[in-house]
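The structure's right below; bear with me while I get my questions together.
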Amino acid sequence: MPAEGSTSAGVTPLPSAPGLPPAIVGSPGGPDPVTGGGLLGGDPFRRRSRLFRTERGRVVTSTVSTLAVLGGIVTAFLLAPGSRQVRSVFFNAHDMWRAFIGDPHTGFYSVGKGILLNIEMFLVAEVLILVLALVIALVRQSRSPVLFPLRMLAIAYVDFFRGVPLILVIFAIGFGLPALYLPVISYQSAVVYGVGALVIAYSAYVSEVYRAGLNSVPFSQIASARSLGLRPRTALRYVVLPQAVRTIIPPLLNDFISLQKDTALVAVLGVVIEANRAAQIFSSTVFNYSGFTVAAILFLLLTIPLARFTDHLIARDRARRLAGST
Amino acid sequence: MIFRRLAVAVAVVVAGTGLGLAGMSVPSGASPRTEGPGNTAPLRSCTYSAIQPFLYSPGHLTVATDAPAYAPWFEHNRPSDGKGYESAVAYAVAKRLGFKPSQVKWVVETFNASYAPGPKHFDFDINEISVTKTRAKAVTFSSGYYTDEEALVALKGSPITKHHTPAALKTYVYGAEIGTTALQYINSRIHPIHTPATFTTLNDVKSALVDHRIAAFVTDTPTAQYIATTEIKHATVIGQFPVSNQHYGLLFQKGDRLVKCVDKAIAVLKRTGVLHRLAKKYLRVYTSIPVIKP
Amino acid sequence: MSQVAGTGTEPSVPAPRETGAPDGRALRIEGLHKSFGANHVLKGIDLAVDPHEVICLIGASGSGKSTLLRCVDLLETIDSGRIVFFGHEITREEVDEVLVRRQMGMVFQAYNLFPHMRVLRNVTLAPVKALGLSVREAEERAMALLGRFGLADKAGDYPDRLSGGQQQRVAIIRALAMRPRLMLLDEVTSALDPELVGEVLDVIRELASGGMTMLIATHEMGFAREIATRIVFLEDGVIVEEGPPSQLFDAPADDRTRRFLGRAVGAGRG
């Protein structure tokens, strides 16, 4: 017989024990409104929305909604009242070309040539940073009492250069060193000081990334290497470092993309006409920001391939890292 | 159900378009100051009352300049005391337009922002800005209120003070402030073999000279003189370069209507000798500065 | 003590070594104490091992089996006591532990193989870098060993392509490539799926029958009974009881041993 509170048609409440209130066992929300079945009647596990039910449906939905949002944004941009002016100030093809080529006689320099300077600085700095940061990380990881003072120095170094803003470091080195009139050191070009400052500052950050990588190598790897009778240096070089480095490729890449852009800061030393500074000079001479757009595009052309290549390296290595687990 | 979702997606696109179209019918900046889609009111006369609707803040003349405001264009970094060439010119223009000095309001606008697109929050910007054709595409300039000459500043006793033949001039490392025509001048007339150093502000240029990072820098003659006589005592103006025919102009938002009236005011100030008198008073242009050829 | 360098034509499984000088023991552990901070793990271990003996260490987790093996391999510094290896006291300060470890082979429970190197390189790395063999000699030795245990076709693979059992077998081979005098196996089958355990035990069996001196920490009671010359039962950092398998398993003298075996058998590892 139907119990109290029984709901829509199709529900057959379970018989309840005498003396006990009627139970609608296990269906707290009532029967499924879509299928209309009871607890195990109909298809209780079927997805509610038709749109998400099939793989194809999900793909179509996500594509359409993505296009719709992007389309909305582009439309809003193109139809905004100030759109024409913004486009001519930021995306003016003629000015972008002029900025790319440069014209010192009119008072501005080539952004295209400037980016070569960024690349040069970035490549040199990157190599030096990878080396210096590794040294710092190894010093910090060492446990021998002989290296204690160096270890303390390394900790202070990392704390200091991670704390001080990079631009101040560039100023201090780029303006301070020449003012000291030290032999050789005070007579370098601004690019040398700029790259030096980048190396000193970034090594502090990257050394921490190395440490994370070194700590991530399972201890039994080191133990295996030691038990085979390999010297610590050999174990480090052939067993630990290769694994540590493979683990930290993503954060390393992050730091290097940052580095690519931070090369722009070297321009504060004055004589370094890299891409951003060239764009800045262009914009203030011509009153047009299209130079910055060119610089941005050039930086993207640098960063994106690097990111894809790194993804490729990671994917190729992923399987090998998991040896040892059954 | 898929239709419901599609309908939502379409609605987003339609809404975006609709907002855009709706936006178009609202005049930009909602002011008659600039030429824009919804704005047709012409500026018929330059009387005090006629220009009110075309002001940024009616009842006031809003003037912008950079901070710090350098001498001898301003004094003590206080544009509002009317001293310094540009400060005085601004008040003179205001007076011709019918404003009392107390109605002139000063705001800060950095040089790099002054030419950004979009509505400005001032009536005009006075900041030693050279008028060029290219720049006039992005902003509107008044007629010139000062003809700019470029001069060369170096430290006393440095090699360039003795050796500045055209050939010798090529060998030095020069400094220039970004956004000035100095860089163009150095590259197009002097043709140095070393790329000149560029600095974001004039203060950076001065430090570079004092720290011996540059041999000399180029800037306009009044500024050069002020620096050499007052700010950096051991600096000297080596000479002026020949006439360049560059002018400083007041900077307005592109399409601003007020500029017509301002140009009339400037013409009057020129004709009546006010500009010349102010230049003599504040810029102390010495005709005894030697002219050096690049 | 003479070193026997590889000549490339040695039999794949090392021949039994000469007996240790003066007292003939392969290994003598005396009064070994080891603490980790406040945790006193080994509380005075005394153990003597003759050449060719196979000692199986049994005991619960935390009893100190792993720590003991690691102390023997000089991976840990001991707090007090001494270890004498083939007549040489290796716990003296002036001993270069790296040289000692080259004469002992140790295999751990998991993550043994170097994942970024192929199997062959895993096996040849130490002989080349530590023993100074040429790459060719090392590879000949490695291929002989791999072939002996049926893994020659895996030489060019990366470890992740091998099953757990194959990886552990390679790990043992890698240790053997150093021609050690003593093998230390620390629960090498504990992390394996049951069906892979057998192939590893086969390798150990073969080593034992070849006369290799071994210290094996294990949970595999049945295997221990079969292969050990002596069973050593550890609990709470002390050797509670030791003896031949038949004695220890069938007639344990100590209550604690009995309790442990009862639990172990009950858990199905007997």
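A, B and C label the chains in the order they appear, each numbered from 1.
Going forward, contacts are C-beta pairs under 8 Å (C-beta built on N, C-alpha and C of every residue); 3 or more make two chains touch, one makes a residue touch a chain.
In this text, all values refer to a predicted model and were calculated from it rather than measured experimentally.
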{"item": "Closest chain to global C-alpha mean, per-chain Cα centroids", "value": "A"}
{"item": "Chain whose average C-alpha position is farthest from chain B's own", "value": "C"}
{"item": "Whole-Å separation of chain centres (CA-atom averages), chain A against chain B", "value": "40"}
{"item": "Centroid distance [mean C-alpha coordinates] between chain C and chain B, Å", "value": "83"}
{"item": "Centre-of-Cα separation between chain C and chain A, whole angstrom", "value": "45"}
{"item": "Shared-contact residues (touching 2 or more other chains) in chain A", "value": "none"}
{"item": "Shared interface positions of chain C, touching two or more other chains", "value": "none"}
{"item": "Chain C-touching residues of chain A, taken from the complex the two chains share", "value": "218, 220-221, 223-231, 234, 238-239, 242-243, 246, 317, 319-326"}
{"item": "Footprint of chain A on chain B - complex, ascending", "value": "1-2, 5-6, 9-10, 12-13, 15-17, 19-21, 23-24, 26-28, 36-37, 111-112, 115-118, 132, 134-135, 137-139, 173, 175, 178-179, 181, 183-185, 187-188, 194-200, 204, 207-208, 211-214, 254"}
{"item": "Sites on chain A touched by chain B in the complex", "value": "49-51, 57, 61, 64-65, 67-69, 71-73, 75-76, 78-82, 85-86, 89, 104-109, 175, 178-179, 267-268, 270-271, 273, 277, 280-281, 283-289"}
{"item": "Chain A-facing residues of chain C, complex", "value": "70, 73, 75, 98-99, 101-106, 108-116, 125-126, 129-130, 158-160, 162-164, 167, 171, 174-175, 178, 184, 191-193, 196"}
